[in-house]
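You will see chain A twice below: alongside chain B first, and alongside chain C after that.
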Partner chain A sequence: MEYLGIELKKPKVSFFDFTCCEGCQLQIANKEDTLVDFLSLVEVVNFREISSEKKDHYEIAFIEGAISRQDEIERLEKIRKQAKLVVALGTCACYGGVNSLKKRFSVEDVVNEVYGHNPVETLPVKSVKEVVAVDFEIPGCPISKAEFESIILHLVLGTEFRFKKYPVCVECKQNLNHCLLDEGKICLGPITRAGCNAVCINGKLPCYGCRGPAEENNWPSLKQILTEKGFSPEQIDEKTSFFNSLTEVTKNES
Partner chain B sequence: MKVDMNIDVHHLTRVEGHGNIHINVKKGKLVDARWAVVETPRFFEAMLRGMSCEMAPILTARICGICSIGHALASLRAIENALGIDIPVIAKKIRLLAKHGETLQSHFLHLFFLAAPDYLNVGSVIPLVQSNRAVVEIALRLKRLANDMCDILAGRTTHPVSLCVGGVSRPPNKEDLHKLREQISERIPDAERTVELFKTIQVPDFIRETEYVSLKGEENYPWIGGKLVSTDGVLKNENDYLAMTNEYKEDFSTSKFTRLSRKSVAVGALARLNNNYNFLKAKDIAEEFGIKPLNHNPFMNNIAQLVECVHVMIESLELLDELLDEPMDEISSEYDIKEGEGVGAVEVPRGILYHHYLINKKGLVEKANCIIPTTQNNANIHYDLAELVEQAVNNGKQDTEVKKLCEMLVRAYDPCISCSVH
Partner chain C sequence: MLYKTISKANFKVFINEVIAGNVTIAPKMTDKDSEGNPVYQFQQVYAFDEIALNYTKTYSSLKNFFLPFKESLSTFQFDKNEWKQKIEYSIHPRVIVGVRACDINGLLKLDNVLMKGKYPSPYYVARRTNTFLIGLDHEPMADCFCQSLNSDEALHGFDLFLTDIGDKYFMQINSSKAFNLFKNVQINDIETEDEEKYIAEKKRIASLFKTRVAITGLSNLMDIEFESDVWKKWGDKCLSCGTCAMVCPTCYCFTVTESIDVSLKFALKEKVLYSCNLVDFAEVAGGHNFRPEPATRLKYRFYHQHRGFVESYDEPKCVGCNRCGIACPAGINPIDVIHDLRMEDVK
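Showing the complex of A and B:
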């Protein structure tokens, strides 16, 4: 790509998937409008889901998925050694994601429930940063295509990307949605980082906080409102722990 | 000449998830042919326990990034069957259209990004951006249509937001539906060009007699709910899905295997087409490719997907006409939480998917079972590989050619491996 007549260096990037649904990678393959531009901005050297090319030289490693087996830990450590920049892609990679719901049971119990007499190997779920150092995190279940694009542009240009500080409610109100709290639902928009354009609430599904906590959030007050509305601690917990993304703000309180 | 062959494909590319192929031939005789799924298991059925049933579709959508709408729909159907909920006709149509969007998205992704590179002799779609720009542009336009369709009907392509217990939570707006109708009509020539393109490829000639399982259409090509049928003549009710699957486990694979009248079965586009050919709205396309039931060539699954794409585009235009004619006021049914048990069978892009829940009187999931298409295909892929290698070796094919054929065979099933070890 040419910028002011100067060749910008095209970083070599790789995508690696671990325990997850691969929906975040898919957002990139599904960026029909800008896929071709994206491919001119970077050099994709590993993208197993869509490509047979495999190379060991890359600068940026995108890690999708949570870590839940010994061989995954080893694979991840190898990638960390190779890459200059490790980016956690999606809520599974950033926080463990829905995979963390496994935590409510013992490892033996979940293995027995699904595989019975034929046990398989598994570990308690970890986020990427619990295993190796992470340079940048892109949350979302799935990631927002538009935000991903903007982040890549910043990375390539070497400028800092800033996440929105305010919560999802701001975007939700801009979209003139009816507030779901008023419709008797638990919505975690007030404590969740904006940047998804309140996509769930636009479809009338409450926000369960996949993007992690907003810098500006007030959990104690939301918790009080929910309690006053008659929701039980279990009902509230079911939502706040759904993506395992809000423990940072909810753990001190409960 | 008696050949020795040792083929090891670690983490096969251009498939969703992680799987390995091992082939061992000694002195021209097949010793071992294995399709091993090595994906890390995720334990969704265990995690569902104790969760409010309304959250189940939101969680189970995350089993698979590609067929999240299909999972949500199977989950919803299981819950609605358990609670005895009848959803409004409009909601049914909206759901089916959302599913059609997903089928198009998944099939086109597979045809252009995952399968086509083998036939065009490149490692991925990326070099095609330079060498076959026109093809890539067709692919992107068709995928774009599919994405827009899912966004309009389900609020988001990956992990839908407006499908809820009782129906749908938000109706699509009519202006968007009008535009969508136009967009589909405009894309029909692209679909025709895709048909022409795939007519130029040489589909490997390989036959292994197989039992094909799918939903059974009554008046239409089937997608959501109904009777279960196999080409060996088995017919069951949706609730009796376990009699169609018979899951078992092999040590070398983290995914379970299934069987029915033979040691394996196949599901997917070719299975649907084999069982429901008469309901196809794109029979002319099927004829152009010479697919007729019963077709036993697994590589033809690619072509069956393409035929389905055209069928789905035609049917979507009809559904849109109906929706545009009707008021969108009744989009969901009221319901009460109660104890119950229900099964939901849905044809997702890769084949028939089952969700089964036991719900307690508080509305919490007590027990869950999900049987995924790729799980049902794994055993068949495994046995196909053995037969394919034997035939190829007998025909004097060399390592590299056999390896490529094996990879193409697995890809033809479009396996969704992370799904299969949910």
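Showing the complex of A and C:
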């Protein structure tokens, strides 16, 4: 693998899934138009969606999913010891994601509701960084294929990758969308980090903030806007806490 | 300039002919807001009946057809130790129908910067000179303040401009290209009655403006009020989301990004429109940010509109369309901000 005559080193990468839908890994596996080129950039050591091979020698571990069981904690700690870099992949790994909805109930109630008389062991949901040290986080539910590919390219070329610091609104208006706040919906685009190309709003679904807060996030102002539009604190909280990705921004201010 | 009239029936025939032979862009209804009001955008049309000629104003401006939000400046092809650069800025000619005077004036302001300046942009020039513009007069909306900015009348910068005078349009023909298009469609000489109707209609439109913004001396006032609390008041509401600059017909600030294709065989240098309200607009190498506070960034957006641009081009950058005011989720609009600066009662 050469770039401008320079031989590049292929990093050995592994993908591991925890409590999640494995949709982020699927984003990578089904990006068929560039998959061959992408797979020539890295050496895939573990990636059960595309290969049954398993090896223990890898440099970068991509962790998909939240952590919600004791055996997951032990497995994750073992991966941390093996990998040089641990990357949280997707909103579940970065923030707990949809699984965090479980936090609204007691563990007993959750187990009883889902498993009835066949209880399973489960813990309150944690993000990866709440369990082990994380070197890099790639948010998104699911992750953006284009952004992920760009991150890997930067890694292989040894250049710094920069997330967009501005909120989703920029990409939303660049796609000529009409503001969903003006259509009577709670949209969290103004405080959420761009990089998704406003994919939800392009499809008329308001932003739930899966990518976490933008660098500048004026939550007090957005909260006031939503309140003035007649939304109750419960309605607002339901959206902002959906992915547990904006908690750091929305809980600091009450 | 030639003055003619065209019957509305013939105008429809004419536009359908234009559509048949050209990429044609016109206002279309694309959404409805929570109160049921239609939302319009400029989009490609395939028949006259798709065009919302009686539209109010489009949510976004026409800007992106001349300054695309993302535009390839250059592509690179790598081959072993060699690389080739390719620069492409030719475009297919296209027609835009139903453009308001304020939007034509917005393009004239962009022309000053990107076409007539010391360093013209070949990308902009290609798009501008290959676009045939058909303007159309309209009644102002309640929040339009283009009259205050002298942008309610377009004197040039278009190929055709129409004013509705009943069963026909009073038509200003401003290019030989436009004149030649009427070979197959009947147009008529101006009669006294047409002139009278045209003058009456122009007067009627001019009398309908409800919103006025005092512009005289505004650029001096901006200097005097540099430390004003007004900036903090509106800055506290600002979401730093860049919506205002995206929908604005004249905001042209941009960033340049470079990306390498995953095949490692190609690379792209792309221009992406940016906004001075975004958090890292004034961030420089090494990480220092000259404008870390939202209030400062908001202030400088108004400064460029009403002070910086005036120094360079003797006129404000703003055309008074209030698109930013409509689109701003936080309700920040130039009418209230300028009233506040002048210490007038805010409505």
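Keep this in mind: the second predicted complex is superposed on the first by the 254 of 254 C-alpha atoms of A that agree within 3 Å, B and C clash if a C-alpha of one lies under 4 Å from a C-alpha of the other, contacts with A are read in each partner's own complex, and residues count from 1 in each chain.
Please note the rule applied: a contact is a pair of C-beta atoms (placed from the backbone, for glycine too) under 8 Å apart; a residue touches a chain by one contact, two chains touch by 3 or more.
This one's a predicted model, so the numbers in the text were calculated from it and none came from an experiment.
Superposition of the two structures on chain A shows chain C fitting alongside chain B with no clash. Looking at the shared chain after the overlay, A:A133 reaches neither chain B nor chain C. By the touch criterion defined above, A:N218 lies against chain C but remains apart from chain B after alignment on the C-alpha atoms of chain A.
Once the two complexes are overlaid on the shared chain, A:S52 sits against chain B while remaining clear of chain C. Contact with chain B, but none with chain C, is seen for A:A29 once the two complexes are overlaid on the shared chain.
Contact with chain C, but none with chain B, is seen for A:L157 once the two complexes are overlaid on the shared chain. Of the two partner chains, chain B is the only one touched by A:L101; chain C is not.
More residues of chain A are touched by B (comparison of chain B with chain C). Annotation: superposed on chain A, chain B and chain C show a minimal Cα-Cα gap of 10 Å.
Counting contacts by the rule stated earlier, no residue of chain A appears in both its interface with chain B and its interface with chain C. Against chain A, the residues of chain C that register as touching in their complex are 30-34, 39, 41, 59-60, 64, 69-70, 78, 80-81, 83, 236-243, 246-247, 259-264, 273, 275, 278-280, 294, 327, 329-331. Chain A makes touch with chain B in their complex at residues 17-27, 29-30, 32-33, 35-36, 39, 44, 47-54, 68-69, 72, 97-99, 101-102, 104-105, 109-111, 113-115, 118, 120, 122, 141-142, 199-200, 202-205, 208, 235, 238, 242. If you check the complex, the residues on chain A that touch chain C are 1-5, 8, 34, 37-38, 41, 149-150, 153, 157, 165-167, 169-170, 173-174, 176, 178-179, 181-184, 189-191, 214-216, 218, 220-222, 224-225.
Chain B makes touch with chain A in their complex at residues 11, 13-17, 40-43, 45-47, 49-52, 55, 58-59, 62-66, 68, 105, 109, 113-114, 117, 123-126, 129, 136, 140-141, 143-144, 147, 154-162, 164, 169-170, 249, 251, 254, 418-419.
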